[in-house]
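Below, chain A partners chain B and then partners chain C, in two separate complexes.
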Partner chain A sequence: MMETSSQSNGDSEQLRPGLWQTVNERYPGSMITKDDLVPLARLKKPLSECRLTFVSTSGVQPKGSLPFDTVHPVGDYSFRRVPSNSIPDDLEIHQLKYPTVGAKKDLNVIFPIERLNEIADEGLLGELAPDFFSFIGYNMDAERLERTLAEDIADAVEAQASDIALLAPA
Partner chain B sequence: MSLDYLKQAVADKDTECLIRYVRLHFGDGNETAGRKEIDKAWIEALKPLLDMPATDREFILTTLAEKDVGTLAHLYFHLHFYFVKRSGEWIHDGDL
Partner chain C sequence: MDVTKHIRPPRAVFVPFMMGHLFGVPFHKKLQRCIILEALDLLVATDESGFIKELAVTWAEVRRQGKDI
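Up next is the complex of A and B:
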């Protein structure tokens, strides 16, 4: 039975307090602790003036691009640029670790590209960055993930002068 | 399991830890399922050879001789999923 709790645990709220123990039993040694922390940045202007990008672990990628490496035992540390003006028919999913039945019917459930375009068109957002970014979440080398993939995506996001990066794990 | 954990297992010659990781990877976190997936892939690799079809041994031998061990190991993982897919019994939530 899934555990749920609304009790606060220090500064954070753990909705499933037994989850980490379960993960650690199934994948020993997978738990990672970090001492440093980058605080979330505060918006300096209204949403209607902001440029937004989207960063996803969904494995969504443009058709014809090199498929994500879903079989490598240590993971894939590359990312794909997904033009924000793409339509779902331009895109496909390569990943093994989450159910894609719903996403194949409507990509927006995992990669809400049409919804984001709609709210940009409505003026709720200033605009979308030219590219969104996608990778797969199966990565066993946390240090490489931070040193290469995360840094590369951060550089790419910064190069497109985005004010907001919407992060969505699959 | 983190990469550091696996490298330590290699150093310690902890083969049970390593094969457990492979089973978990192939079984999407379920070790028993992963064991069956390994068996399934080998069965699928056996079936097409029973009638002794002509095979491209030159390609195989050249590949083994000329490619580095990392590429061959990566190919081995690809072949596992290829034969599992070919079996028609796909247990994974997503796709390749």
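Up next is the complex of A and C:
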């Protein structure tokens, strides 16, 4: 696989001009904007000694846990803990905002829990955190998202002493 | 890519895949693993915040590979 790389220069180039304006008109304040870059946090030990957690907006959750509210007009600001030793058959998706056809065949296309366990078992990572974290990406109140859900997940990740958080949108 | 640049993550791997298929196509373990390892590599290789690595693989190519699995 050939690879290219590019570095963000801070410019926001909309591939679909006018889309963000439309989204903001319908859901005022929903588009999060940032004026600066997050300071880079460097690893303090080798990857092979690091604990990793996974944070996803896929809405994957353990079977039997409270389904996400996928129809609320402003969104669902809760998250679910997904034990990192779960198998795909233990999990389900409650999400309407993205096509789940691939995930229903192989959950790893959106929530690569098996791949992460394999990588940890091989010793490329120290270990996986006890829990991964999942929420749904449909949150129209950006201020509430930042004040509640983001803080709650950050606290939960920190409580499990993870060195790395791999974040993946759906 | 425009959304990724807009939110300014400290480091990111961008994949040009269909929504809901961030790690590729079903049962393509090699690709799923590759994407994860590319992200982990950024933890070591990135010098400054805002770096976005693009994987130069197309969705069409990945789907073709998936059909052969």
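Heads up, the rule we're going with is that the second predicted complex is superposed on the first by the 135 of 170 C-alpha atoms of A that agree within 3 Å, B and C clash if a C-alpha of one lies under 4 Å from a C-alpha of the other, contacts with A are read in each partner's own complex, and residues count from 1 in each chain.
Keep in mind that, in the parts below, contacts are C-beta pairs under 8 Å (C-beta built on N, C-alpha and C of every residue); 3 or more make two chains touch, one makes a residue touch a chain.
In this text the structure is predicted, and so the values were computed from the model without any measurement.
When the shared chain is aligned, chain B comes close enough to touch A:G59, but chain C does not. Touch criterion met: A:V71 reaches chain B, while chain C stays clear of it. In the superposition on chain A, contact is made by A:M140 with chain B only, not with chain C.
Shared-chain residue A:P169: touches chain C; no touch with chain B.
Contacts of A:G102 after superposition: chain C is touched, whereas chain B is not reached. When the two complexes are overlaid on their common chain A, residue A:P112 makes contact with chain C while staying clear of chain B. Contacts of A:L37 after superposition: chain C is touched, whereas chain B is not reached. A simple residue count on chain A separates chain B from chain C, and the partner touching more is C. Touch criterion not met for A:A150: it reaches neither chain B nor chain C.
In the superposition on the C-alpha atoms of chain A, the part of chain A touched by chain B in one complex and by chain C in the other spans residues 32, 98-100.
By the touch rule above, chain A contacts chain C in their complex via residues 1-8, 10-16, 31-34, 36-41, 43, 47, 58, 98-103, 105-106, 108-110, 112, 115-116, 118-119, 124-125, 164, 166-170. Residues 26-30, 32, 59, 67, 70-74, 93-100, 140-144 of chain A are the ones that touch chain B when the two sit in their complex. Chain B meets chain A in the complex at residues 1-6, 17, 21-22, 24-25, 28-29, 74, 77-78, 80-81, 92-96.
Contacts from chain C toward chain A in the complex involve residues 1-2, 4-11, 18-27, 29, 32-40, 43-44, 46-57.
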